[in-house]
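Listed below are the structures to be examined.
Here come two complexes built around subunit A, the first alongside subunit B, the second alongside subunit C.
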Partner chain A sequence: MIRAIARKEFVQYWRDGRVVTVFGIVALLGLAATVTGWSAVSSMERERASAVAMDREIWDTQGLKNPHTAAHFSRYAFQPTFNLAVFDPGLTDYVGNAIWLEAHYRDPAALRPVEDAVEIQRIAQLNPAWVIQVFGPLLIFILLYGAVAAERESGTLRQLLAAGVRPVSLLLGKAVSAFSLTGLLVCGVLVGSAIVMGAEGIERLPDTGWRTAGLAALYLVYLAIFVFLALGVSALASRSRTALAGLMGVWIVATVLGPRIGPEVAGALAPAPSAPEFAARLDREGADPFWDASEGAVQRRQRVMDAALAEYGVETVEALPINYDGYLLQASEEFANGVFDTMYAELWGSYESQRAIARGFALVSPTIAAQNVSMALAGTGIHAYRHFADEAEAFRREFVLLLNQEMIDHGGADGYAYVSGNDFWRQNPDFEYAAPGIGEAVRGVWPDVIILVLWLAIAIAMAAAGVRRGFLGEMAA
Partner chain B sequence: MTTRAVLKHERMALLHDRIQLVLLGLFALICLWASLRGAEYREALEEAATAFETEHLERAADWRARVVAVESGDVAPEDDRFAGLAMDVARPAVAAPGPLADFSHGVTDVHPFTSRVSLWRSVDRLFGNYQFQSPNEIRAGKLDLAFAVLFVMPLLMIALTFGALSRDRDSGRLGLLLSHPVSVRAVVRSKLLVRLGAVFAILVAALLAGLFIGAGGVPGGERLGRFGFWFLAASGYFAFWTGAIYWFVSLNRKSETTAMMMIGFWVLNGLVGPAVLAAAAQLIHPAPSQLAFLSTAREVSNEAYRSRADVMQGMLLDHPELTVENYTIPEYIRVSYLVNETVDRAVEPVLAEFEAVQDRRQSFLSLVQYAAPAALAMRSINEISGTDLARQVRFEGEVRDYKRAIARHVEAKVLAGERLTVAEVDAVPAYAFRESDLGAVGRSVLFPVGYLFGLGLLAAALARRNLARLQTRFREA
Partner chain C sequence: MLEARELTKSFGDVRALNALNVRIGAGESLCLLGANGAGKTTTINLFLAFIEPTSGSALVNGHDVQRDPVGSKRHLAYIPEQVALYPSLTGLENLEFLAELSGHRDYRTAELLRFLERAGLDALEARRRVSGYSKGMRQKVAIAAALARRASAFLLDEPLSGLDPAAANEFTEVLADLRRDGAAILLATHDIFRAMELGTTIGIMKSGELVERLDPGSVTGAELEKIYLESMRGGAAGAGGGPA
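This part shows the complex of A and B:
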């Protein structure tokens, strides 16, 4: 029976020009989004590969230079844009592509693509995930708003029930048809993305297979939520017009207003530090307490000197068997690193607080939760960005230490006049980034997964309530 | 029943329809939130800009005081070797927030608005370390008055009017109504007048509230003038949607079909259109690679540093008058100046290309924006608010020019290794960002805003024709 109902619904969709048109437009958008995503990711990866090679070349050929001067020039950590960004670019355009690994300072990632983008991109950015998140529910609502209400209005519902069709079968038949059609869209877009993701030059994210399966499951659950919601509303509404109005309201709140209002309220309740102020504080607090003429800084430097003298068992700096300037520079690095740890913990903490508050809005907009999970699986969410930034910072510290150590060990009494050459630069390591696996990637989004499951349960309960009230009322009549 | 009676009835109906009142209330609330948050945002930008400028001007004043002390003989030159060092000239360059940045945040949340212009920095480093904003917040976008007007307002207009004609027709009330001496056009017009009039009243109140809240009192002349254009643009967008709604209603379809068509139009105009136009602009006019730009700057810097002897030689050949034997200033200062100057010259063509691409994109969008009125309205509104991309590109270009101006002013002294005199310090040019004048803004947005009004009028004319035909059909029936 369910199959027969689903088949009948498909035929009806096919005959309904509106459905075919909307489906066609959404499918076209999905295709265009996939091509755009592929073009953006492959071009970003091409540019990155070239920049990485150039960075190495520049480093290796810098000639005679003081190692600490080289640490100021330093190198860059370039963030890879992985294959799944074709499907869901997430925060890719809003975080920088490159982190300067200079001495004395923990830089933010610079070169954010959004700074080069035209301003109307801020309204909406065409990508496959966005097409599914926004247009999937719309398509479902258009397919299903009249699923029960229109049958009731035309009197066919009573006929169907009188003919012995079970309400659950009717509901499931309609659910299967709408779900299959929109599921086809999800699978089509994912398969399309998977094909272009395999293109040469695009770096593969660890566990891509599992992540893709996770994305497929996520979006099927996401669409199922809207399918059952639509059926519930259609069964409970007295008229198809009312059902449509209600569902359009749900769509607007869930996909358009919720994802904007949530972060807005979160920003108001848990403001992130002001960017100019934070940058100034990093500058000030990371350097001044060590280098300026204040009593605290003088004492700090004195303690470093005392420690060096004690370590090497000598009385004066001149008697030290090491380059003391390098030693002092490294001590300043270690002091600044503690400051950076504290300040960045505050920054990341504010992002997390905002996310937690915005997540509260997922209770009225499952799209927010779906976006968080989708970005995490695609490796384009805030955790992926933080992972990269932290890895780059760990490398920066090791790299600056390596350069300072070269000066300490071999600089002797030359102070800043000590220089190293290309032979040394060529031995220095590259920053090699390994993205986290799926387990680590989804660790931060379990609450979102739970919210989605809750939404699904609520939507199913609503559809069941629709069966009880809508159908049984009709049977009683 | 007369037209006046229909109007009165519609007013009463609106006042007693709880759902419509709630929707209107929600819109008012969103506008109020946007005004309050907008004012807070603008104030924060202003405070950051002022704090930055004050701090750096104070530093410059302290620095000048050292020059005065040496010149007046209070401090011996050998006791303050670096007082008046030409290379140390540094000045702040600040673009205060646009006059209506509280109304539309535009691109202000991702671009720098301050720079410490110093000869120690090459032009690719003039805007460093400002990328600390929460990527999630940037991605979600701001809930400003522009968003309320461009996206929320049309949704409210649709929700209030989609059943304006069809509901009466479906319920059989229309026939009864038309049996009185009143035309179908008058009925539709009365309904739209009351419902959309309420939306417009809230819009006017919200904008006026925003004007005063953002100004923290009575607004000044510049703000008032810009507000006039902003109001005109918002009214144009309202007129466009009024015309479109009038036309959709005049098609006399079932309520749900009308609602679907209106929502579909909203989606095409507000989401798909801007997303496709943005993607097209960026595909047709791709920006030069930022990573390649970075690599070029580093490569040139490295090369210039490596061959600094040649660079110095070249400089002395160009400026034999600067061949001074007794430099009192360390050599590395001149080297840094020349290296930075070499980098500045090398990246000039790339920066020019960045600006040219933005110009080409803006020209492209200026043509195609007419296909998506939401994009057109947004661009106009951002321009009026002083938060558009073109203003930002201009600021960044001016800051680079400013650095060149300072360099020209002190170059001879840097290369000769001489101190600046107090008179020379005082003659260092200052930077002041100038907003586009009101007339230019008006001329720029006049046609796009006129187009919105024109589209609205055209749609209304077509609607009138449709309703006239409908009236004839009713009479014949």
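This part shows the complex of A and C:
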């Protein structure tokens, strides 16, 4: 019975010009978004490869230079734009994919593609995930607004009842047909993305297969929510036009307003420091308390000197068998690292607070929860960025230590006059980023997964109650 | 077989049907006449289990419609005044869908076309979309659906109203064929002439009660009309009484 209902629905969809047109438009958008995503990721990866090579070349050929001066000159940590960013670029365009690794300072990421975009590009940044998130529900609502209401209006519902059709069969038959059609769209977009993701020059995320399966499951659940919501509204509405109006309201709130208002409200309620403000504070609190003329700074430097003298069992700095300037610089580095840890913990904390508030809006917009899970699976969310930033910072600390150690060990009494050459620079390692596996990637989005499952349960319950009520109402008519 | 046992339905203080007792066996047809609100459609809705009886029971082929709605509908066909079909599907596709709903997924196209042909719709018409069908053609699809599901009990609610005379005649002939083939038919109608033609028993309903049971062979059309009008005005004439 379910199969018969689903098949009949398919034939009706096929013959309904509006459905074919809307499906065609959404499919074209998905295709355009996939091509756009591939083009953007390929371009970013080409630029990254070129920048990585240039960075290495400049470092290796910088000539004679004090190692600590070189640490200020330093290098970049580049984050690959991984394959799944074709499907969901998430925050890629906004958080930047390169971090300058300099001494005494933890830089935020730079090279944000959105900075190079002209205004219209910022508005029209298409990606396959966004097409599914926004147009998938719209397509479902167009397919299903009349699912029960139109059957009631035309009188066919009464005849289905007379033929012994049970509410659950009608519900599932309609759900299967709409779900299959929109599921086809999801699978098509994912397959299209998977094909272009395999293009040469695009790096694979670890667990790409599992992540892709996760994305497929996520979007099928996401669309199922809207399928059942549509069936519920159609069953409860007195007329199909009323159902359509109601569903358009749901669509606007869920996919358009919710994802925009949520972060705005979160930003207002839990403001993160502005970038210039944060950068100035990093500079001020990371360096000044060690280097300025304040009593605290003088005492800190004195403690470092006392420790060095004690460590090497000598009475004066001049008697030290090491380059003391390098030693002091490394000590200041370690002091600043503690400050950076505290300040970045506060910064990440403010982002988490914002996410928690924005997540509250997922109660009226499952799109918000779906976006969070999608970005996490695609490795383009805030946690992926944080992982990269933390890895880059760990490398920066090792790299600066390496340079300071060169000065400490070989600089002797030369102080800042000590220089290293290209032979040394060429031995220095590159930053090589290893993205986390799927387990770590989704660790921060379990609340979003739970919200989506709750949405699905509520939507199914609503559809079941609506169809049952719609049947009972029709029988009593 | 269709059977009502003390079948009663009240809506609040209004008694829409009062202790109806009828039994329509194979090859029999009961044509219910009565004004609007007399209880004809309520009777049909009770047989369809669309509404619950206040008391009593309705049975289709021995299945209590409330206790076993699925079993009771398995061989039950319902043809309303306006047969609703899916306009973007052809008559044949509508029939195929309706047959599948009743569990008959194995019909071939030729078999479905034969059902339609038997109901009076030729193959060319059957392959046209229903959006261009007349009311009579839609009813033929409904009859074909009943044939396809091997219905042995028919509930028809004013199926003849709005049909042109030729279509009404054709439809009546199809129903007469079904009855001769052993179908049990309950037909609610305002059409005295067609009731005479089709019924093995004619019932007159008023205010939820079956006030007259007539054998159409024992009265003329004019007499039936007179009895009907008198019963509508007040008292029942009591001119006959066939088993129903």
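Basically, the second predicted complex is superposed on the first by the 470 of 477 C-alpha atoms of A that agree within 3 Å, B and C clash if a C-alpha of one lies under 4 Å from a C-alpha of the other, contacts with A are read in each partner's own complex, and residues count from 1 in each chain.
The rule is simple: contacts are C-beta pairs under 8 Å (C-beta built on N, C-alpha and C of every residue); 3 or more make two chains touch, one makes a residue touch a chain.
The model shown is predicted, which means the values in this text are computed figures rather than measured ones.
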First (subunit B), second (subunit C), both or neither touched by A:A279: first
Touched partner set for A:G96, first subunit B, second subunit C, both or neither: first
First (subunit B), second (subunit C), both or neither touched by A:K8: second
First, second, both or neither for A:D16, with subunit B first and subunit C second: second
Which of subunit B and subunit C A:R158 touches, first, second, both or neither: second
Comparing the two partners subunit B and subunit C, which touches a greater set of residues in subunit A: B
First (subunit B), second (subunit C), both or neither touched by A:A268: first
Subunit B residues touching subunit A - in the complex, by the definition given at the top: 37, 44, 48, 51-52, 55, 106-107, 110-111, 114, 128-143, 147, 151-152, 155, 159, 162-163, 167, 170, 254-257, 259-260, 263-264, 267, 270-272, 274-279, 281-283, 286-287, 289-292, 294-295, 298-299, 301-302, 305-306, 354, 361-362, 365, 369, 374-375, 378-379, 382, 388-389
Residue ranges of subunit C in contact with subunit A within the complex: 45, 48-51, 69-70, 73-74, 76, 78, 80, 82-86, 88-89, 93, 97-98, 100-103, 105, 149, 155
Interfacial residue positions of subunit A with respect to subunit B in the complex: 18, 22, 25, 29, 32, 36, 39, 43, 47-48, 50-51, 54-55, 58, 61-63, 65, 73, 76, 78, 90-91, 93-98, 105, 107-126, 130, 134-135, 138, 142, 145-146, 240-241, 244-245, 248-249, 252, 256-257, 259-264, 266-268, 272-280, 282-283, 347, 350-351, 354-355, 358, 382, 385
Complex contact set, residues of subunit A against subunit C: 1, 3-5, 7-8, 11-12, 15-16, 154-156, 158-166, 475-476
